[in-house]
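Here the chain labels run A, B, C and D in written order, and each chain numbers its own residues starting at 1.
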Amino acid sequence: MVLDAGTLLRILLWGLVSGSVYMLLATGITLIFGVMKVVNFAHGELMMTGAFVTFILSHAFGLNPYVGVFVSMAAVGVLGIVIERVGFRRLRGTAKINEIFFSIALILILQNALARIFVPRFREYVQIKTPYATEVLDLGLITLRYDFVILLVLAWATLLGLWVVLYRTGLGRDVRGTSQNRTAAMLMGIRVERVDMLTFGIGAALGALAGSLYGIINPFGPYAGTLPAIKAFAVIILGGLGSVRGAVVGGLLYGIVESVATFFLGGSWRDAIAFVLLIVVLLTRPQGLFREGA
Amino acid sequence: MGALRRLRRELIVAALMLGLPLLLLTLVRELFVLQVLTFVFIFAIYAQSWNLAAHSGQFSLGHATFLGLGSYASIIAASRLGLAPAVALFVGPILPALAGFAIGALCRRLREAYFGMVTFGCTAIVQVLVVEQFGWLTNRWDGLDAPRLAPEGLPVERVAVLNYVISLALMVATYLVVAAIIRSRIGLAFVAIHDNETVAAAAGVSVVRYRLLAMGVAGYIGGVAGALNGHTLTRHISPGVFGLEDSIWPVLYSIAGGLGTPEGPILGTLLVRVFWEWALRRIGGFDSLILIGLMLALVVTALPRGIYPVFARATAALGARLTPNSVKQP
Amino acid sequence: MSLLAVRRVSKRFGGLQALSEIDFDIGPGEIVGLIGPNGAGKSTLINAVTGVYPPDAGTIHFDGHELTGLAADRIARLGVGRTFQIPQPFGSLSCLENVVVGLLFAGKVASVEAAAAEARAILEFVGLGDKAALAPGSLTIVDLRKLELARALGTGARLLLLDEINTGLTAAEITEAIRLIERVKQRGTAILMVEHLVRVIMGACERIIVLDFGRKIAEGTPDEIARDPAVIRAYLGGQKGGGDAGR
Amino acid sequence: MPRLRATSLVTAALLITIVAGVGVLPALAQLGTVRLGLLTSMTGPAAATGEDQRRAATLAVDEINATGGVMVREANARLKLELVIGDDQTSREGAVSAVTRLLVADKVALVFGGLGSAFGMAALPQIREHGVPYIPTPSTPLFTRNQDMGPDPTKSMVFHYQATGLMYGAGIVDFLVREIKPLMSADRPLRVAWLYQDSPFGAEYVRGYNDRVKEVGAGIETVALERFKVGETDYRTQLTKIKALTPHVLVPMGFRGETVAAIQQAVLDVGIDPKKTHIGPTCACADDPLYYKDLGRIGQYTTILSLYSTHAIPKGATFAKWASYRKSYQEKFGQLPGLLGVSAYDAVHVAAKAIERAGSVDKRKVIEALGKLEMDQMVLPVHGGKIRFDPKYREVPFVLFVQEMFWDEKVKELRPVIVWPGDLAEAKYKQP
C-alpha cells in the first residue's frame, strides 16, 4: 500500500472535514443533554431539515448558501424550541426512556414530512450548489476546494462564537449553571425553563449548520440524518456527556479515526469502527475522555 | 406450590390471552388478519425480551443483535446441520443468549445513555462480522432462505393457522416465564438493581451476576422471536436485520404498552402494530408514516407510563384483580 | 477474637488523604461509636469496610474472612449490614419488599414467602408494621431511617454499620431510636455507630473511636473520651488556651 | 383535570384503532378485474424509483384497459387490469408484510416490479409458498439462480425481467477490453479499480465482472475493490486510496445519487484526472434525467452501461416503442422516465400477454404461459427482438450498450452518444 505524504495528508483532511461536521452536531446534542439531560435521537432529522431549508433557499430563490445557512439556523432553531415546548418539556420527570420513544416518533414525523415535500421533485438525493463549487485552492501537495476551506472556517468560527456566548454572556452563565446543577440554578433565580428553550434552539441551530455544511460537500436526502446523529451520540459519550470540550475533541478524533479506518480496513468497517472506538474508550474510562459537564 | 399460587393473577391473564385469539381464529378466516396477528405474537415475544432486560435497568438500543443472531443460528442449524426447524427454533437462540452474556459483561459498568450507545454499537459490529468474517457461513449480503416450520405439502391456509397457533402458544409461554421471573427473587433482584445498584449490593444482591442473567435470558427469548419469525413469516434472513429499525421496534412496543409489567409489551405490540397496518393500508405512503409518528408522540406525552395503566384501570373495573399490588414505574 | 479487625487502613482521593493508618477492633455484640468533625473520614471508613470502594492500603478482617477487595454484595452476604447516611430505599418496591430483598440475598432466606413473613416481623420490630404495603415515596424521614435499619437487619448481619441514623431527629425521636438500638444489641448484633450527636454516642456506646482529618486521634470509654484533650481540641477547634473547654 | 382528559382522548383513539383494525380487512375486489401487484419502494430512501415504477405501470395498465382489457377465454370476456401497490418501505420487513398483503389480502393474480434486490429476495419465500407468478425487476440473478430456485418447474414461478448483475459485469469487461484497453494499455494489463455499494446489488456486479475477466482471460488487473455502505455519500477516503494506485479505469458502482457523488468527489476533491483515468461504465440504474443534470461538466467523457437511456435512442425500428413510451410518460407526468419505470411498464405488458395466452387467471396456467411466452420486445431492447424466458434460468437476454457523455452548452447538461457495441454505436469512443 503506497502511502506517500500527499495521500496521508488528504486522508487526515477528509477526517478533519467530516470531523468538523460531527463536532458541530455533537456540540449541539451535548449542549441540550448538558442542560436538560435529554437524549434526542431526532437531532439528525433537525440536521437534515436545516440542509433542506438551505437547499430550497439556494435552489428556488438563488440565495447564496453561505447566507442561506443563517436563515436555516434561525428557522430550525425555532422548530427546536417548538419541539422542546410540545414534547420534551411534557416528558420531564417521566421515565428517561420516554424521551427516546418521543425522539423515535419525531424521526418518523420529520423524515417522512421532508420526504413528502422533496422526494417527488428531487428524487432520493439533492446537493446544495455553491458559487465556488469548482474553484480550487492549490496548496502544492494537495488541492482543496473553496467549499472545504469555508466549511472549516465557518465551523470553527461558530465554535468560537458559542464559546463567547457560553463564557462571556449572561445567557451563557445561566446555561452553564443549569447544566451543572439544575436545582441550585433555580434557587439562584435562573429561569431554567427559558434556558431549556433557548438551549434546545441553539442546539437545533447548530444541527442545521452541520446539516447545511454536510449538504454542500455531500449529496443528502431525508433519510441521511439518522446515522450521523447516532455517531454524534457516540462522540458525546466518548468526550463525556454534557462536555462541550469533549464534543469538540471527540468529534475531530472521530472523523479522523473513521477516515483512517476506512483507508486501511475498507468501507464496510466505516460505521462499525466508530463503535469499536467508543467501546475501547468506555472500557478504559467509563465516564468518557473529559469529566461530565466540563 | 408457592410460586404457582403467586402467579394466580398471571394465569388468569394467560388464559384470556390464549382464549381470545383462539376464539377469534374460529370466527375469522381472513388469511391476512391471521398473518398480521402472527406478526404481533412474534414481535410481542421480541418486545417481552427487551422488557425483561429493561426491568433490570438495562435499556438496550441494539436488541436486533438477538433477533438477528437467533434467526441466523436457527436457520443455519436447520439447513446446514439438518436439525428439524421445530428443534432449531430452541437450539439457535443459544447463540444470542451467549451474545447477551458477552454484551452484558462488556457493559457491566455502563448505565443509561452509555449502555444504550454501546449496545447499538454492538449491532453495527455484529453486522460487519456476519457479512465479512462469517460471510462463508451466512452467504454475505445474499442472506439465507429459511426452511419452513410447518411440514411441506401443507396448503397455505393450514400453514397460516399453524403459524398463528404456534406463535400464540410461544407468546403466552414467554409471558408466563417472564411473569414468573418478575414475581420471583430474580425479579426482585432486577428491580433492586434497576432502582439503586449500591443499595442492592449492600442488601447482598450480586449486581453483575443478575445483570448478566437478565441479558442472557433476554438474548435467548429475543433469539426465539428471531428464529420463529425466520421459520414462519419471512422465511429468509439477511444482514439488514442488524439495523437501527429492528432495534427500535421492541422499544416502541414496550414503552407504548407500559414498562415493567409482563402485560405491557403484548398490549403495546398489538395496539401499535394494528394501528401501523391500518394506517399503511388505508392511507399508505409518507402520510401514513407521518400519522403514525404523530400518534406515537401523542401516546407518550399523554400516557408517559404507557397504555398498561389505562388498561389495568379499565379491567380492574371488571372485578378481576388484574392490577398487581404496586404498578412498577421505572 | 475480635469480630471486625481493621489494620492500617488508608484511602486517598486524588490529593485528599481521607483515611491514614486506621486501626481498631470490634468484638461480637459490642456497640462502638465513631465520631469526628465533618470530613473526618467517618463515611469513607464505612464505605471501605462495606466494599463500596477498596482501601488503598491495610487489611480488614471480619470473623476470620479477609474483606479487603471483596465486592460489596459478597461482604453483605458474609454478615456485614449497613444503612446509608441519606436513606435510599428501592423506589418501585413496597416497604415489605425492600426488607425482603435483604432477607433473600444477604440473609439467604430460601423462599419468597418465608422472607415476606420475617420481613413483616422486622417491620413490626422497627415500628413500621402498619406501613408494610406502602411505597417508600410516602414515608417521612424518620420512617425512611427505620426502613434503612429494617433492611440492614433483614440481611441477618452480625455487624451493623449505622451511618448517622439519628441526624435530624427530634429529641423524642432520638430517645426512641436509642431504645431501638438497645433492642438490636440485645439480639447479639455488634454495632458501629457513626454520629455527630455526642449525647447519643455517650448514652449508647461502650467504646468510642474518634477520627479527625482521617487519623484516629482517640479510642476509649465515653468518660475517657470526654476528658481526652486531643478530642476536645479537635471538636472545639484550636481556641486560645481552650479555657472554657469541656462543657 | 387536563391529564384525565388527555388520557381518555388517547384511550378513545386507541380503541378506535382496534375497531379500525378490522378495517385492515381487504377492500372487496372490483368484480371482473385482473389484479396485478406492484411490489416496490414507495417510502424510504428508494421512494423516488418506486414512484417511477408506479407511474410507468399505471401508464401500461391504462393503455391495455383502453383497448378493452385482456381477453380471458375462461371468462370469455375482456377483463380490465387493476394495479395494486405493495410498498416495501425500502426494508426487509416492509417487503415481507407488503407482499403478504398483496398475496393474501388483495389476492393478486401476479406480482411484479421492485428496485432493491434484498427486498425482492426477502419477499420471494412468501411468493413461492403461494405459488403466484412473479416478474421481479431488481437486478440480482439470485431470483432464479440459487439452488432453491433452479430449473425445477415446480419452483419456477419466477420470470426475471431485468438485466442481471452477471450480464452487466460481463458487459463492462467486454467494453473495457474492446474500447479502452487498446487506447490506454495495449501492451500491459489494464488496471481497473472498483468503488461499489456494499450490498447484494453491488456484490453481484463485481461477481459478474470477475467471472467475465476469468472467462475472457484478457489482460485486466483488478487493482482495487473498495466498498461503501448503503446510504453513505462520502467516498473521499476510498477514492484517495484508489488514486494512489494510479488505475487506468475507475468503475463507480451505486445508485444515481451515489454515482454522481463518487465521480464529483473523484475529480474535484481527490484529483483523479479523467484524461489519465477513464471513469465508468456506471450502472444503468443511474440512467435517469437528473443524472445528466447533476453530474455536470466534470462528467464529460465518462461512460454509462445502459439498458434504457433517458436521452439516446438507438437507431433502428426496434426502438419505435421506446420513443412513443417516452413521449406519453413525459406528457402524463411532466418528467422523463427512468430505467426501472420502463422495466415495470414492460412487465405489465408481459403479464397481460401471458394471461391472454393462458386464457385464464389461474396461477399455474399463467406460469406455464410465461414459460412458453414469445412476444415482440417492448421498450427494453432484447437480442433477437423477441421476449423469451430461457428455460434454464428464466432470464431475458437484454441488449446492453455503452454511452459516452459530452457537455451540451445549449441545454447546460450532459448528452450521451452510444459508442458500443458496434452495431448500435453512433460514434467511436473518443478519448479526452
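What we mean here is this: a contact is a pair of C-beta atoms (placed from the backbone, for glycine too) under 8 Å apart; a residue touches a chain by one contact, two chains touch by 3 or more.
Treat the numbers as computed from the prediction; the structure is a model and nothing was measured.
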More contacts between chains, B-C or A-B: A-B
Chain A and chain B, separation of their C-alpha mean positions in angstrom: 33
Gap in Å, rounded to a whole number, between the CA centres of chain D and chain C: 74
Gap in Å, rounded to a whole number, between the CA centres of chain C and chain B: 44
Chain A and chain D: spacing of chain centres that average the CA atoms, whole Å: 35
Shared-contact residues (touching 2 or more other chains) in chain C: none
Chain A residues counted as touching two or more neighbouring chains: 112, 115, 119, 227, 268, 271
Numbers and ranges of chain D residues touching at least 2 other chains: 43, 47, 198
Interchain contacts (touch definition) - all pairs: A-B, A-D, B-C, B-D
Complex contacts: residues of chain C adjacent to chain B: 50-52, 71-74, 76-77, 81-82, 84, 88-94, 97, 100-102, 104-108, 111-113, 133, 135, 151-152, 154-155
Touching residues on chain A, where the partner in the complex is chain B: 33, 39, 86-87, 90-91, 94-98, 100-102, 104-109, 111-113, 115-116, 119, 226-227, 230, 233-234, 237, 241, 268-269, 271-272, 274-276, 278-279, 282-283, 286
Chain B to chain C touching residues, read off their complex: 2, 6, 184-185, 188-189, 191-192, 194-196, 198-208, 260, 325-326, 328-330
Touching residues (chain side chain A, partner chain D) in the complex: 1-4, 7, 10-11, 14-15, 18, 112, 115, 119-120, 122-125, 127, 133-134, 136, 142-143, 145, 148, 217-221, 223-224, 227, 259, 262-263, 266-268, 270-271
Residues of chain B that touch chain A when the two form their complex: 54, 59, 61, 106, 109-110, 112-114, 116-118, 120-122, 124-125, 127-128, 131-132, 244, 248, 251-252, 255-256, 259, 285-287, 289-290, 292-294, 296-297, 300-301, 304-305, 329-330
